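Structure, as structure tokens:
Labels run A, B, C and D following the written order; every chain starts at residue 1.
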């Protein structure tokens, strides 16, 4: 039976002096050569289901042959988790600055070229070790040596990133607003996407936009590309995914058990665990490049009856939604139907019926293929 | 075929000078002696489904033999409707003052006794007419003659109340957060509750707490009671209900059609329309006195997996919910089950999985009977 | 030199499990017969200056001959203190329910008459002791014996009230939005108001509306009234004040030192301390009955240039403010001047230039006299 | 006497169907060769003082010899202006998406090189005309031809930008939170900065970050740079500034009159008006490069007594602020002083006393020179 240790990480403090803390669970694997794993949940306040997945993973791992180390961090963002306004949980962006909590991670691209220059002839193990240390030193530098200080979100993000840098495999558990399950996967790790029980995969390029997944795979991918420029091939061990578990503002422990098993299937594939019953489910899996993942913005203000089913190709011309505009009744059109002129797969829609002109109504795979 | 007229009512203005307006639809009945009706929707920003019900009613009424006048007001609260913070619609209370928009209506109980004293010997028609005029004059006085002014919410509420005072039957269309359908019904109108297609009825006493329904039936009920003290029996024609249509933040036009038919069933019963196909559905109907309608507050902070099914009696000891507390994993209990020691009917629960200690988790019928 | 002890009181927990705590400082006086004191600050999130006053009091009390016990509670509301949305601190009402945090205290008026009936012949000391115990038992009952639970705000309020019930003198440190200093004082304690260095006093009646001051003096005042009905005179020792220290969202440690000295002047007068240098300042002191303390609501939406000086009588017809309405430029009046037809003393105004029609612009003494 | 025309521009609609409108004032100059001007205010909801400046400009321009055309847009952001939560105006970022309203303007850098390639031999007038048309066509394309639509903020921004593109001189009137007056000025227009009555100038490079000023000068500056690469010198007529008028949440019509005169001094310098009395005031003017404009983030949570005076060099080691931490009283340090190890000029500080660890406390010129 697997044992775990538990720590409480301090990541900030509030105006009253209240400490912001994050629980960190660590499981020790039996094989130092097996990949290590970092999993966090609830970076956005309303996206809570990942916490339940972590609970179910901890329960399942009790009876699992664990090879690699696993670090699990629920409630990763203690400001976001508790950020209420009205009945709902805001927590998508810092309430003071408006910055998305998952856009504050760090990647210093300028550090890669000099590193490559000094390691052109190093062996793989040396490179991996030295590069890991560079990434960690870079974060430590930010956390500890800045007289002008860090933002609230950077302080949280960098401490999480420090943990994530120490793992080979990184999973950031999110949810959409009202959403089907989908996966953000770097293009180079496409093969791994089939081992999750998630039918929709977004293939993302090597562009850094501040998210945790990018902040942990972009350095390695860039390293690979820089070595390639020098004619040296370098296989990346690091994989980072953002796992979108479904809809926000919901906890469902039964669904969480399924989600946990899907993650264990991926960990089995990667050799983190040795437990053959965890295998991917048979399902149709679709892939879409990030550039083809389109947001559809409402062409009008109104109140929306969302019609399109998630996850299935929707033929051109079929309605995504109809928008109620009672103020038009009698002298206009009280119902407006929305459709597109090409086939799409609807992945998620806005959390509320009430939308302004320009509110993001749907996100869809506008082009897609089988994974 | 029924015709309607449409007006735009000005109810306030914002800091930029933007006008706050409310559309008002009026349908003229063929029989001046038939009861008149006032229906409004969306007094709370997130409770949008009533707007769709008004659309469906207008459509159904096109082919209906209309006896009484009907006034329909969607988007009754133009501040609340558009009050976003994050993806959700707040709009339950004034963002500046925190006051619930549906607690600002008016009832001046002190005006009743003098009225009764001067009408002890008047006939019913005279009393009804004079009392209606008194109610309207009272509202007009508030709206027009106050050098210190009115709050934003009073100005909106009083203008709506002025319309509601002019009708015999008043329906205020609301929703719960995540909720089954239920009806707030004054105790004296219990019989009417069976004509709506709503399985759960709350019987409310003659206590004024600022809501529209109370503000329109309390005066008449108090009038009746005061006449009764003088030995005169007086049957109230006025009926006011708050109709809770289900969950907030959702528009479903198909469900709205059913809801509209349920309301027409009530209007058929009251003689507002003459269209025999609108009859109440057969269903088990439960009643609960308001004092027995209990809010259950979370005994702890945490993230909630809501378990209890709405609308069905839940036996004593059966779980309402389980609360996840991942921070307790390893040194406490990560799951806490909630139950009660007596049978209840769960009616609604909180809109979010994330709750603080003391957040209202559920509202339940703690005692109930068949209607 | 005075010593103090410090505790941390748990008053709730958030969704992530984070504990809500409040620091409690206790100073022990040398004379058990001297009045005891309870002072809290920051019940509303933005009203922070009271925390600085508590700091300065603790510093001043180091060199003070202390007779009575003093309990000091800064950061009394740990949810409100940390409730940000945008740059400002909200924290005036529960973000989930909209209820004002200072309207959740408890007073069970029905308990007084039975108490009086059983103590008609008791001596004063017995009555005071027994009544204190009754108040505490009532609160303990609420906190500990309610299967349906308490709201978040009640749990905080009742725990503070439990401390306040144990003191003879209660000060609740608040601020206005943008405001002069003023004092809420029960009518019976009018004489004490002259000992604070506060030029404006509101005399409030024995009406309970949920605030801490009322929740601690209303029981005693009602007790006095009930004894009076039975022909027994009973002098109240309990005094409770809400002290409005100026404007919110500001900390000024120098002003706080003055405020602390003003409070010590009152404590010297009551015999809590024995330090003759703390005497009230000479100043013109105005009094106004609560019924004459009027809110002026903006007659229009717009952006306000506040003109009237605080604290001085403003003659009839002199402008309180002018409201900018640029959208009217060219086809209306871009500036609207606000005045009243009678003399008033402006006490506070709204925190922002931007107001809706019906926003509370000013609060004024509409009738007043010298204290 | 100058005449103006007034339009109402539709920029969006809300969930209830309410139209979002912006008033546009246009003054016609007498000289078609004089530079034209675009001035907007209140892009961020709380930054209202610019509206008053526009009022005072309109009043002053009545008696001004106007050569160039002027377009004036108060209340530029009708969502932001009216976005209240609590007493304050949020309106800095879209409440739904968290995106800063002044980061949604457009600049398509990729369009410049092809334009230059086709106009290497064109004359200046042709280039200016053709480039203006390109900029406008680009915006029109975005507004009208996008099946997936625009965000709420883009729709507002692009319509404002269309107006700004048509002017030679662009002023965007903002304010800081609690702030001294300062000016964002592109490095190439440094000379113009002396004509405003603003003592602190930030010199900004040719980097586009989404703000209106950048979106209007970056295209021209880039055009200049691209022509320079081809050996052709090209003097930019376009100048765009963000004018920070002082503190937010305040209207002061007297200060606005001064601000309006300062702007007229700049317009006199540029030949837009011919009214010699408008001359810059004598004052010490400081300049700082944007890279040296530093935000200082709070090293701890707490409540801040801001000490440093705005606008004056603060010697190394002198306190910027002291932070109160009452919870540390007795077992820590209740007051923490903040200072820097080098001289700075404090320009603005946070709007509230309550800060989290990592909240932006101050912005300062960390290196500076005379303008």
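FYI, a contact is a pair of C-beta atoms (placed from the backbone, for glycine too) under 8 Å apart; a residue touches a chain by one contact, two chains touch by 3 or more.
For clarity, every value in this text was computed on a predicted model and none was experimentally measured.
Novice: Just grab the chain with the largest centre-to-centre distance to chain C, centres being mean Cα coordinates.
Specialist: Farthest by centroid: A.
Novice: At the chain B/chain C interface, shared numbers over all numbers used: above half (same) or below half (different)?
Specialist: Answer same: the two copies use largely identical residue numbers here.
Novice: Quick one: report the Å distance separating chain B from chain C, using the average Cα coordinate of each chain.
Specialist: 35
Novice: What whole-Å value do you get for the distance between chain A and chain C if each is reduced to the mean of its CA atoms?
Specialist: It comes to 47 Å between the two C-alpha centres.
Novice: Centroid of chain C to centroid of chain D, CA atoms only: how many Å?
Specialist: Once rounded, the distance between the two centres reads 42 Å.
Novice: Send over the residues of chain A in touch with two or more other chains.
Specialist: Residues 14-18, 20, 75, 81-82, 84-87, 89, 92, 96, 303, 326-327, 354, 356.
Novice: Across the complex, what residues on chain C touch chain B?
Specialist: It is residues 12-18, 20, 79, 85, 92-93, 96-100, 147-155, 294-303, 325-328, 340-341, 354-360 of chain C that touch chain B.
Novice: Enumerate the contact residues on chain B facing chain D in the complex.
Specialist: 14-18, 20-21, 75, 78, 81-82, 84-87, 89, 95-96
Novice: Would you pull the chain C residues touching chain D in the complex into a rising list?
Specialist: Touch residues, chain C against chain D: 4, 6, 23, 25, 45-46, 48, 51-52, 54-55, 58, 74-75, 81-82, 84-90, 92, 177, 249-253, 303-305, 322, 324, 326-327, 329-331, 334-335, 350-354, 356.
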